[in-house]
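Please go over the structures that come below.
Look for subunit A in each of the two complexes below; its partner is subunit B in the first and subunit C in the second.
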Partner chain A sequence: MAVLARASDAAIAERLDACGPLPAFERVRGPEQGLVMARGRTGGGGAPFNLGEVTVTRCTVRAANGLIGHAYVTGRNGRHAELAACVDALMQDTACTETVERIVITPLEAAEHARRAATAAKAEATKVHFFAMQNMRT
Partner chain B sequence: MYVTVKGGEQAIDAAHAWLAEERRGDVSVPELSVAQIAEQLGRAVDRAMSEGSLYDRDLAALAIKQSQGDLIEAAFLLRAYRTTLPRFAHSLPIDTASMRAERRISAIYKDLPGGQILGPTYDYTHRLLDFTLAAGGTPPPVASAEPDGEALPRVPDILGQEGLLEPDEGSDATPGDLTREPLLFPAPRDVRLQALARGDEGFLLALGYSTQRGYGGTHPFAGEIRMGEVSVEIEPAELGFAIDIGDIVVTECQMVNQFKGSKTVPAQFTRGYGLVFGFSERKAMAMALVDRAMRAGELGEDVTAPAQDIEFVLYHSDNIEATGFTEHLKLPHYVDFQSELQNVRRMRRAAE
Partner chain C sequence: MTAPLTAGFADPVLDSQRCFRSVLDGMARPGRIHTVSGVIPPAPLCSAAAAVLLTLADHETPLWAHADFAPARGWIAFHCGVPDAADPARAVFALSMGLPDLAGFNPGTHEAPETSATVIVQLPSLTGGAPLRLRGPGLRDSVLLAPIGLPADFVIVWRRNRGLFPAGIDLILCAGEELAALPRTVAIEEA
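On to the complex of A and B.
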């Protein structure tokens, strides 16, 4: 779910298409928009407090084989939540878990890792290397 | 006392139509898109989300467009919108220690583990207007470097190892929620932090500054400031286990303050805490200063300054409430004023 929540709806749809024919899905609940109250911790590690709300969309689908998929994703994109719920339902079908993992999850995860690595590399370039005062060398 | 009056409907319609025209401005200039605001006015979006207490970059950008960049009005629009949505869940407390930090600095340890990471900061810029931005164009390429993989331990954990810093208090009790329960005094620290996190940046900045100038001074040091993405996890009832539903960007400030100690507590540093949506370093720092100032009573310090007065701070930090009461003066007070007018005339006649 962490991978699907961060992928775009278009990226998930494109990966699902690559899986070949899929079972039919029907919507059981949603997609519907709502809120999650994000909490922080006092001092970073202490008692929880309410920081503020985040928009969230959730969806539940039932595949033709009866398996139920749930999804909650940040933002207000109903299609994103629905596609993530479909993937969740597919993943529970032991016959196609491995295929979905390989064709959908792994590439999306790699894309997210690449995005994070690019940000981390930019952050690293802004890391300060102090000069010693005596000789102005690192 | 307000009197119900009818009329003005046509005038209001005409005023709103003019407002819409004003908002669009000269039609020969291309219209701003919401995506442009979300991408290019990021700090305004952060502020609207923080004071609107609703994390949604696109909605905040739309609110900024609708309010012509009036950020308090934008926050008001977000607060109003949130009331139309059901609350599905609360998150598990976000773990700022595992933040994917884009910025992380400490003013108390030069060589702290993980290093000083400046990130995309305005610090060290010369505050000279950059006329190349007026001309437009592509920014210069960004430097990148291979991360060394070193972890970024929290500064309180480093200081805490020696017992020189007060530890985090650990109760996992359900925190109070200002959006559901009225504010009651004495307000506990969880409620205070919620109020500060959604409070007006200008108000908190002025109060934080006042503590530095001696009105409830706490000798603060910026122990650590970090900004970056954190995961939001919830535990939906239908699943029964925690799932990760995406990232939010937050700024955290750990302010470290002097404390003499007392009969029961040895001399140690105390802390003020700031945590806000988005990249809002000024507000996170001000919040941490005011949080610490409001702890004066519990730490046995004299409560003399405005920033230490919990009731004063919490009743005035919310800019939506403050706007409402200030701007309500625009409502018809015709009858009130007529009675005042009669009073003044009577007093004058009596004096003659």
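On to the complex of A and C.
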């Protein structure tokens, strides 16, 4: 679910298309937007406090075989929530769990890792090595 | 066994406003029958009762439901997010097949009559039964309502409820896609 929530709607749609013919999905609820209070805790052990409200979109769909998929994603993209819910419903069908895992989840997870690694690498390049300044002074 | 989850209102904003208007007008003009369509709830819940719940009930209004509605509980909980009121006295809304024992529900107090329970009564039909004559606020003259499925001593039960004014229980009668309201102010006699 975390992988689907972080991926873009276009990426999920592209991977779902690669799965071949899909069952028909019916919207049971949503997609609808709402606010969720994000709570924080200083240092992991402090008193909880309200960090702020986050816009969340949720959707519930029912596949033709009766399986229900739910999804909550941050932001206001209804299509994103709906696609994530469809994947959730597909994943519950034991016949295609593995296929969906292989074709949808794994590539999206890899893309997410690559994106994070790229950001980390860019940040790494700008890292200041303070010992160098110390050495220049001495 | 719970029924499969089906969709609620197709357009949650406009459909619930439309249903709210029907309930409001029904309360203002007791006995007038309104048609509310667009919801296909799981049996045994009728679509008018389902629409009323979708419109009015939420996480702040505990719902007491008759045991017959057990197959629809999951649907109601999913779409309305209502907490379950095991004790009828704590319920803000009640859902009943036929008339329940009104004495079990909260009639409100003289200081806060608006805190009383509203009972949604599901009946086989709102027409074709023994006619009841309604009088009271909102009615210039008397009107007739002939629901099927109310008990024979309903007039006596209702007189007791009306005697609690300004406290008292309000009823919303639902059958199929039709609803009519009986607010606590209406006087009912056999026609």
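Note that the second predicted complex is superposed on the first by the 127 of 138 C-alpha atoms of A that agree within 3 Å, B and C clash if a C-alpha of one lies under 4 Å from a C-alpha of the other, contacts with A are read in each partner's own complex, and residues count from 1 in each chain.
The rule is short, and it goes like this: contacts are C-beta pairs under 8 Å (C-beta built on N, C-alpha and C of every residue); 3 or more make two chains touch, one makes a residue touch a chain.
Nothing here was measured: the structure is a model prediction, and the numbers come from that model.
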item	value
Subunit C versus subunit B on the shared subunit A, clash or fit after superposition	fit
Subunit B versus subunit C as contact partner of A:Gly34, first or second or both or neither	first
Subunit A residues touched - subunit C or subunit B, whichever exceeds	B
First (subunit B), second (subunit C), both or neither touched by A:Arg6	first
Which superposed partner A:Thr99 touches (first subunit B, second subunit C, both, neither)	neither
Partner chain in contact with A:Glu26 - subunit B first, subunit C second, else both or neither	second
Touched partner set for A:Glu124, first subunit B, second subunit C, both or neither	first
First (subunit B), second (subunit C), both or neither touched by A:Gly66	second
Distance in angstrom between the closest Cα atoms of subunit C and subunit B, superposition on A	8
Common interface residues of subunit A - those touching subunit B in one complex and subunit C in the other	32, 60
Residue numbers on subunit A that touch subunit C, as the complex places them	26-29, 32, 60, 62, 66, 68
Subunit A contact footprint on subunit B (complex, rising order)	49-50, 53-56, 58-59, 82, 85-94, 96-97, 100-103, 110-111, 115-120, 142-148, 154, 156-157, 168-179, 189-191, 193-194, 197-198, 228, 231-232, 234, 236, 238-239, 243-248, 250, 252, 254, 271, 273, 275, 277
In the complex with subunit A, residue positions of subunit C that touch it	4-8, 12, 78-79
Residues of subunit A that touch subunit B when the two form their complex	1-2, 5-6, 32-56, 58, 60, 70, 72-76, 116-128, 130
